[in-house]
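When the chains are written out, they are named A, B, C, D and E in that same order, and each has its own residue count from 1.
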Amino acid sequence: MFVRSMHKCCRVCLKSSTRSNAFSYFIKRQLNTKTARKLTNEEARHKRNEIFNEERARQLAFITRIEKIQVEHKGPPEDCTLIMNKGLSTPFNCAMHIGELLMNRSVLALVNGKPWDMHRPLIEDCELQFLHMKDENPFLSNQAFWRSCSFILGYVLETAFKNDYYVELCSFPVPNVTSGSFVYDADLKLQDWSPSAMELNCLSRVGQSLRFSDFRFERLDIDASVALKMFEENRFKSEQIPQIAGKSETGSSVTVYRMGDHIDITRGPLMGSTGMLSRFSVTAVHRIESPLYGPLSRVQGIAIPMSLKLHYWTYEFLMKRATKLNPAPIPTAFQAKPINETVNKKGKENDN
Amino acid sequence: MLGKLFPIPKMNKIAQAGVLVFRGPNACVSAFPIQSFSTSPCLNQIIKLSRMKVVDNSMLGRKAELASKPARVIHIYNKKGVGYLGDKVLVAIMGEKKRAYIVGLRQNQKENVPRFDSNNIVLVEDNGTPTGTRIRVPIPSCLRNREGDFTKILSIATKFV
Amino acid sequence: MNMFRFPVRNTPRKFKKSFGVGSGPAERIKKLQMLVTALIRNERLEAKESYCLETRGYVEQLIQIAIRNGDRHAETMEKADFWLLEKDLVHKLFKVLVPRYQNYSTACTDFHFLPKKVPGSGVQMGILELKGNPWPPVVPRQRDQGHLLTNVLLSSAKAEYRMEKKITPDLRNGDHDKLEQAANT
Amino acid sequence: MAAFCIRSMLLRNLTCQNLISADPTLTSRVLVCHQQVRGRRRTCKPPSWFSKRRVSIKQDITPENAKFIKDVIIETYKKPESPLKDGPWSRGTWTPRTQRTGVLAIKLGMLPQWTKDGKKFITTLLQVLDNHVINYTPPDEFAKSMGWKPYWGSKYGSVVVGALSCEPHLFSKSYNNLFAKAGVPPKRKLTRFLVTPDAAIQPGTPLNVMHFRIGDYVDCSAKTIGHGFQGVMKRWGMKGGPATHGCTKAHRRMGSMGGGRDKAGVWKGKRMPGHMGMDWRIVKGLKIWRIDTKYNVLYVTGYSVPGPTHGYVRVYDTVLKHKREHLIENGNPPPMPTFYPEDGKEPIPEEYLDDELFNFNNESISYATEK
Amino acid sequence: MAAPCRKIINQFVKRSLKCFEPRVIPCRWSNTVRNHTVEKHRHSPLSSTRELVNQQDSPSDVMVPREFRFVHPDFLPYPVWNRRDRVREKLEREDMLKRRAVIDIPEFYVGSIMAVTLADKNAPGKQNRFVGICIDRAGHGLYHYFVLRNAIDGQGVEIKYDMYNPLLLKIEVLKLEKRLDPQLYYLRDAPLEYSTFRLDMEPVSVLKGAQVPLNAIKVKMNPRPWCRRWERHNLKGVLPLDDYITEKMKKQKQHPQIEKPWEKHDLMLKARTSIDDREVDQIMTEVYKRKEKIQKEKFQKRGQEGKREVKKAQEVKK
């Protein structure tokens, strides 16, 4: 009964104009009280989506007049110039104009030599290139793919568990393909859980199914205060947000990505959509001890994009390797060192 | 009457001359060197009407050779109807029926068994004794293990190969 | 055992009556003479698949005997004279092609299938070429695949695997006999 | 004996896909084709239910990495996981009714040999290359897995034998899983032998020429050389028609058929044009004259072992009673269930020769000393 | 209008679908392994009965004499490459070498006059000796045979001998020479003088290392009938046959289906039906090495035996 009333409360709160403040207050109170019922990931995701939608609508509202920009595409099938809408058109839209192949295979775009998400609006006249997994040097694509896989792993952890378990995602390190696995560090609230092969399989299935749902990765730059609101029920993220914001160019903005209804903080860039996944497996869950955040779970996985074929035997061999503990740095506090140093050093290590 | 209406064509010169055109080992004896019949190996098999060369010193064999009328096989004493080395055959020679043993063959033989340039026979009487007293050509050594009447032939042989 | 450096059928293909020649074994050789001459002349040939594959054998054999026997060998010279209808190609065979393929351990020709025209006649066309010719390559330049995601994963796995097994890399690159010998000693 | 032939013919027409299943009781009905076929299946195309076991995935892998994967494969199978969990199986004893497993050999061609009295005869060389037992199904389970009630009751179990190890990344996963029990690399070719339960053999056991002994008799079954669709003259040796004398379009045709009052009509089994060769044939009672243990080669009598050079041949103990008699009389049973190298007390010689066979190391045959 | 259009489209769809059909393995090979696949499996590290590459077989610095391959044509395997097998040929060669270690098989050619002693149960001396001219030499490996011909008592006799038959006790070459043709079957249709040799002929000694003499005798044939159409065989050791044959036969001889002029320069035909020179060299090197080894062992044995005999003799003397 109590739970149901809570739900109602939440909905009422969310609908009201002052919903976020009221909600956060409410949640905090609930968390603080010992008798509080457990918060679920589903509710948190719902709330974040609301905020995301609102913020995006707000940002879109700034564009009152549609301005044209000139986009010069370089590369196959042919070099061409496109006239696109400023702040609205994305590289994906450009690809739609040029050819289906680019639409399907492009992982990333290079805008004026900088990596750019496929679904991020273009803001000025630029030179555009598309990257895919079979490029001459697909380093950027690989990084984006591996980062996206970590991102998806976060989604898997949030959605795969029953509502009784509130999974708090912590962070994931800079993608490192050579380590053999991608990683997400999270507090699963399960101290002695060592998943069986079948359970890992079930986790993998959640990620694997994304291949068919074909979710896009949407990017949004938001203010740190909004971000804090978004992630206030996640103790790790709310601690990290000020630091991340401090590193940004404006000093107070945070980059957020949304895939389906899952929102996470990452610097990006990520791949175009989840349709590019071919195989996705969660291979291991390790226990790690963070000096700041206490005991955490390091969830590892491995994935292969659609365009690269691999025999099952080879893939299983790689999976075996991915079960070993990933040597990526354990998430530590940003506070340990002054801000300008973290920008230089820690910024490279920790992505969010 | 018929002869008048349909004149009978003149007979072939060879037929007129009465010379037998035959194949076999003594073919070169023939008056007509260029012959038009086949001598392919399938004819080397000993069947009925095969011409054989008598290799013993019997008078009958001599006579047949001089008259260029070689012995012809008219029966082979085995179930196949094809004669092989050491088989007993019945031959017609100079108007007589005679029994004989094959002692040499023209067809290809197995390894270590001699092949001869002619098909050789040795005439025997009905009781198994050879008609002649000596065999003029070598006899295959593999026939030496034969028993019975064949030993009488082996006894008059001069050479073995 | 099989000394051919290229796939060979047990029986030769029969040629149908084609342009310039009739049918039958003698005409087949005539057609092949033309094809061999054209290939040695132009170093690349586009024809029916069956023509290409038959020509291939004759060109390979011709070059092989030219390499083995040299231009002082009467029989080889006779063969070259027969197969090359344009006589200046005999010089090309001995002066250009023989030095080029002297140290080859593989076939000295390449065959590629051409795509079928759809809709069109059902004849499978192909390209036959001499290796090391001056034409642009039939197969465009292949990308370096070493940096693909799967290869990055495998390469790092390889390094780790080798570290675990503690086997020196030079031995690993060699054949397995060496490995066994090393293990035995 | 005839019953055995029919049975083995029935079994051999099933493909390797049906041979093994992890739990035969569960999957028995699914795997067997119940379709009634009139006459023999005379086609070269695989049936529709035949699933592909070979895969050809073009992996975008650099040559170095491909080599690395090969190395891993080799090392994975170098020391297979010890199958000692259930321990070595107890070995049965040979009885006259025992039917042991066979081996899957490759035909190498023919060679002449000579006996000690100088008689020449032809032998066929069969190489036993890299054979392993892949699976054993006890009689009860095997009877269930047939899908129909076998008339021999539960007398025979089945042994699956594979030859020629391959790399696993050539095959599909389902095919590779068949070899998990035996702990050997996937095999290029599989075959099944019916065995009596006393000749049960543990999966993973290697088989070699020493499975047989000199002087034993074996049966060989293999597919004959395929000739494709042939006319009546080549296929059945009919005489054809005359070449001339007004013969129109009947030079190579069969004569009349179907006439003859009571027996008129084209009867079943009438010899007509059709697919020739590529048929299973059994040659029984071939003597083993010589065994080469270095190359694993058997020399068996005759040139009638079916199939071309490098064709697969199933070799097993003969079913002919009169050729098994010497085993009973001499009290010299063959190794059960197969030869194990640890049994031999003495080192195995490179070559075994039959007593009657001429050894080329010996002096020429001479009768002069008999005096 | 619509119908042909649809037809074309249907065709297009069919063709484009065709490339997705699973490839059916040709039935003819479904129960056969290819030659190179067998080799791969024999040396595969995955195989439990693995055959290691023998270092001795690899090409080395041993110089094989040029004549060696013509002296030992029996070591050349059956030339149809898709029916060959390496292991079978190896085992075959082993047997041949073993036999050659026991019995001395001298160098001889078609045209040489030879004497063969054969073990014969029925002969009085348990031996049978035959002298004759070698008119043919053929067969691969253990199947190798030669045919001797002689005329005894005016009767032409030919005997075929298997070279590796254990009944052969001795092979002597009475006169080592070559003839102009690879086969001398035409002696059957020549006067018997050409194939008459005395059974007690004494061997003609030849200098060691000297070139084998070529007997360039031209045989005058008997008039037809012949056992074969000799005019079609392009015989070199025969006097012109023009007197014996008709005009029609001369014409027939030049018919393209009989003459087959296209086969003369067919390089692939030659490659398919003969053994490559490189492989001949490989085989001959291997055989040469083995033969030398066997000879060395023989000498050693003889030496030891000789020493023993000497010792015995000394003991006896003492």
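One rule holds in what follows: a residue touches a chain if its C-beta (ideal position, glycine included) is under 8 Å from a C-beta of that chain, and two chains touch if they have at least 3 such contacts.
Everything quoted here is computed from the prediction, not taken from an experiment.
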Label-sorted list of chains bordering both chain A and chain B is none
Highest contact count belongs to the pair D-E
With centres defined as the mean of Cα atoms, the chain at greatest distance from chain D is chain A
Top of the farthest list for chain C, CA-centroid basis, is B
Between the Cα centroids of chain A and chain C the separation in whole angstrom comes to 52
Whole-angstrom distance, CA centroid of chain C to CA centroid of chain D, is 38
In whole angstrom, the CA-centroid distance of chain A from chain E equals 77
By the touch definition above, chain D meets two or more other chains at residues 59-61, 69, 72-74, 120
Going by residue number, chain B touches two or more other chains at 111
Residues of chain A that touch two or more other chains sit at 134, 308, 310, 314, 317
Pairwise, the chains that touch are A-C, A-D, B-E, C-D, C-E, D-E
Contacts from chain B onto chain E in the complex sit at residues 23, 27-28, 33-35, 37, 39, 41, 55, 104, 108-118, 120, 136-138, 141-142, 144-145, 158-161
Note: in the complex, chain E contacts chain C through residues 8, 11-12, 15-16, 35-36, 39, 45, 52-53, 81-82, 84-86, 256, 260-262, 265-272, 276-279
Chain D residues touching chain A in their complex are 55, 57-61, 69, 72-73, 168-169, 173, 176
In the complex, the residues of chain C that touch chain D are 145-146, 148, 150-151, 154-155, 157-158, 161, 165, 172, 176
As the complex stands, chain A meets chain D at residues 134, 308-314, 317
